[in-house]
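Right after this note come the structures.
In the two assemblies presented below, chain A is common to both, partnered first by chain B and then by chain C.
Take a look at the complex of A and B:
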């Protein structure tokens, strides 16, 4: 949609709608519905420089340099009319929101049979905002305590992780992001982009006891040393489809030993210096989930608290409690 | 469950399977001698239609010789992938009668139906209906032998087979029941060459002793027999000659995937109705998965529309499963994103990516995530109970309450279109 020199582009699959506004050199106002993928592919393929778009009733002409595309347009009366989301507005720091998204979205489920878990919970918590996601194998929690404006006490919404994945790709060096929470939709506004999505209208499972669980074993370790070591030993247990079997952690007084074994390939082990207090323990994890947690946890030094080889472990940075990652072991016999 | 003394074993053998499948695809070949197999100089016959058999052509014969015997025969190179597909449909029909199905090859299987009398009636009635259903749904004939054990059931099948003639098969009874009463007489006159394990070498050692028939084996001195063919073989042969064979029917060793498909008499556009079929398929696939002692991680959904356009979708879980509940959950998720307005002709559900054992298991937070907890142990126990009930009383005696047509009776078709 062109109004003066302002071009607004909207793309939607009805569940998720993204709108962006850019400054162009406009000749006359109007609107046209183009085939999304085709148009994007055309624009991407063009040589650098100005591109001209002219729209008629049944055709649009896209040209740049010597290239010219006459593309069939979709009648604009067939395009759905998106009204704005009405509801509570919250404006928060975009940088920390983006950081939070990257930390939690990856732990959300891709299992469409468990719709609830494909969402990310955004809830009010201690005068801040909390983001939670889980796929039932691990759970990530991030608090944004410094959020300038907050949700009402007890307010919470469940946002599809797919939409948040898109959002984290869109946010670019913005200062602030505004959330508009409606009855069944949520809208994110940042810079010149708005993204709106349907909410998942399900009750999120209670997760707090996963974090509160009493754990008597604590490993304190340099985050990147452990991350690198896990990535190395993982080579021994990852298969062609990109999935991996378990990596064992032998936890002992002043170090942790990682062991990955595959009967057809061999064995990898690596010892990493650490401080460990608790009972001697061997616990196994899916290395991908472990890597996700180590990636997402901020800070240089982290802790990994365990109960035993079958109950959920807890990971977090030593110097603050903004981020927590709960990880369920793999049972090996 | 212990070894029941009163076992009922059914042996099913498709009639000239590869050749019959080809004739179905090429109706112009009806009535002509058809030979499937390698056509080159070193090719071997894989199957011959009864018209070709009349000329002495049989499987495993060099193709060159077959061509000489029956120069008019149509030689086809064979399409194994297609035969496998047809075979899976046939085996799926067998599985509607009992989970204890042991395929011997694409065209032959043993079924242990000891426990299904209450559901499917007397063995002969079960076999007759099974044979009719296979014919209705695939257009293929089969022959069925019934007896107390595998050895005798396979022999019984030969009695039910068609005979070759110039104009095609002369249909036999199709079903032959070798009853315990008739067993002794039947065996007495059975040529020893038809006993499992008796090849040319054994034959050459026994015939000089005057042993031609199974009955002769029982009259011979065990010591003399042992001297001729070794003690182990002698003991085994005497047992078989007495009609004794205690090998159990064990489902196929380790399949790569397990699936079930259903073609409808009319194209379906009702999601609930299709969901009902998925419920039953998920249950059946899960039961077979457990019968093999396997757990799967991938669920495949296949939908074919009225215009034969086919969609396949799959989803892989990080955690292996063997319950109908989990399979159905994944299938529903996949199904919800497939349009069905054009009418669905076929729906199929399958599983793959098997985890053989309990070597590794990703544990879940489910039991601690309030409200979404699943009592896995309870469900596992229910599944085992269902498996046991089915082994005793037949596959269709029990099933998910949400599956339509649970209480089907004899003659109903579970897996294919009813006659219009």
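Take a look at the complex of A and C:
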């Protein structure tokens, strides 16, 4: 939609709607509905420089340099009319919100049959907000204590992780983000972009006891050393589709030994210096989920607390408690 | 089973007339009297056939097969290449896909693998359009019809919907609900099942048969 020199572009699949406004050199006001992917592909393919878009009743003409595309347009009356989300506007620091998103969204499920787990829980927690996601094999929790008064006490919303993935790409380099929480939708406004998505109206699973579980074994280790070692031994247990099975951690007093075995490929092992207190234990994890946790956890030194080889482990930075990652072991023969 | 490989032409005279010009063909004479004439191609369908019961008048150069309706199949033979007979014995019949049948058996033994509280009433519960795989009762005593497939597709959902429609007519099963169960259920089948008011459940065959332990999960 062109108004003066302001062009507003909206894309939507009805669940997720993104709108951005840019400054252009406008000649006459109007609106047109273009085929989204086709138009994006055309614009992306054009040579650098100015692009001209002229719209008529049944066609739009996109040209740049010597290239010209005449594309069929969709009647604008068929385009849905999106009303604003009605709710309180709350503005928070975009950088910490983006950082939190990147830490937790990866743990959300992609399994559409468990729709609750495809969302990220955003809930009030003490005086700030907490973001939680899980796919039932791991759970990531990030607290943003500085985001005071975003939600009322006990309030929580479940936001599709797909929308938050898009949002984390959009809010790059922005200072602030505004959340508008409605009855069944949430809207994020940052810079010149607005993202609106439907909320998931399901009950989120009770997760707190997974964090609070008493664990008597503690491994303290350099995060990047462990991350690099897991990435190396993982090579032995990944299949052609890129899916990996299990990496065993043999926990001992002054080190952890990583072992990955595949009868058709062979065996990899690596020892990483660490401090360990607790019972001697061998516990196995899906290496991809372990890598995700190590990648998301901030800080140089982390802890990995375990109970035994079948109950959930807990990972977090040694120097703060704003991020926690619960990881379920896998059974190995 | 008698197998005759012969150069022959064939004429059918009945609801219509059909002629097969002379060529080398396989004539199958089955123990029950059915006769089928095959060319050397195609997976299953004969070029011509005559079901039992029928009468065969066989001479060296011509077979005339007649059924009770008066339809005739005339085979004119110019050369017999091979004429053999084998005793095949009684056929056990077509069995369901092995995994599917075993899945049904395993779920009948433990319906709680589908949903907590389910108790089996009967396997292959009959309806007038065929048997539903499992009939169970849930913890509330409500009847539950379960259709088990190896791969869950739309036709399986439709099948269960037809069974439910028939079962709902039985006053003792009124309010029956349907559960569609498979190792993998296609998204379209899930949507259709939900639209028809059914639930669907994916089960792990290896876990059910004890070949592996279930994945450890947080929830």
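The rule is short, and it goes like this: the second predicted complex is superposed on the first by the 331 of 333 C-alpha atoms of A that agree within 3 Å, B and C clash if a C-alpha of one lies under 4 Å from a C-alpha of the other, contacts with A are read in each partner's own complex, and residues count from 1 in each chain.
Everything below uses one rule, namely that a residue touches a chain if its C-beta (ideal position, glycine included) is under 8 Å from a C-beta of that chain, and two chains touch if they have at least 3 such contacts.
Since the model is a prediction, treat every value here as computed from it, not as a measurement.
S.K.: State whether chain B and chain C clash or fit side by side on chain A once the two structures are superposed.
M.R.: Superposition result for chain B and chain C: clash.
S.K.: Of chain B and chain C, which one touches more residues of chain A?
M.R.: B
S.K.: Looking at A:246, would you say it contacts chain B, chain C, both, or neither? Reply first, second, both or neither.
M.R.: first
S.K.: Please work out whether A:111 is in contact with chain B alone, chain C alone, both, or neither, and reply first, second, both or neither.
M.R.: In the superposition, A:111 contacts chain B only.
S.K.: Figure out whether A:12 sits in contact with chain B (first) or chain C (second), or with both, or with neither.
M.R.: In the superposition, A:12 touches no partner, neither chain B nor chain C.
S.K.: What is the contact status of A:209 with respect to chain B (first) and chain C (second): first, second, both, or neither?
M.R.: Touch partner of A:209: chain B, not chain C.
S.K.: Determine, under the contact definition given at the top, whether A:269 touches first (chain B), second (chain C), both, or neither.
M.R.: neither
S.K.: Return first, second, both or neither, reflecting whether A:332 touches chain B, chain C, both chains, or no partner chain.
M.R.: Once the two structures are laid over each other on A, A:332 reaches chain B alone.
S.K.: Mind working out whether A:136 is in touch with chain B, chain C, both or neither, as first, second, both or neither?
M.R.: Both partners.
S.K.: Tell me which of 94-102, 202-210 or 220-228 in chain B produces the clash with chain C after alignment on chain A.
M.R.: 94-102
S.K.: What is the shared patch of chain A, the residues that chain B and chain C both contact?
M.R.: Residues common to the chain A contacts of chain C and of chain B are 112-113, 117, 134, 136-139, 205, 207, 210, 310, 312, 326, 328-331, listed in rising order.
S.K.: In their shared complex, at which residues does chain A touch chain C?
M.R.: 112-113, 117, 134, 136-139, 205, 207, 210, 310, 312, 326, 328-331
S.K.: Quick check on the complex: what are the chain A residues that touch chain B?
M.R.: Touching chain B: residues 111-114, 116-117, 134-139, 203, 205-207, 209-210, 213, 243, 245-246, 284, 286, 310, 312, 326, 328-333 of chain A.
S.K.: Can you tell me which positions in chain C touch chain A when the two form their complex?
M.R.: 187, 190, 202, 213, 215-219
S.K.: For chain B, which residues are in contact with chain A within the complex?
M.R.: Residue list for chain B touching chain A: 315, 317-319, 329-330, 332-334, 336-337, 358-366, 368-372.
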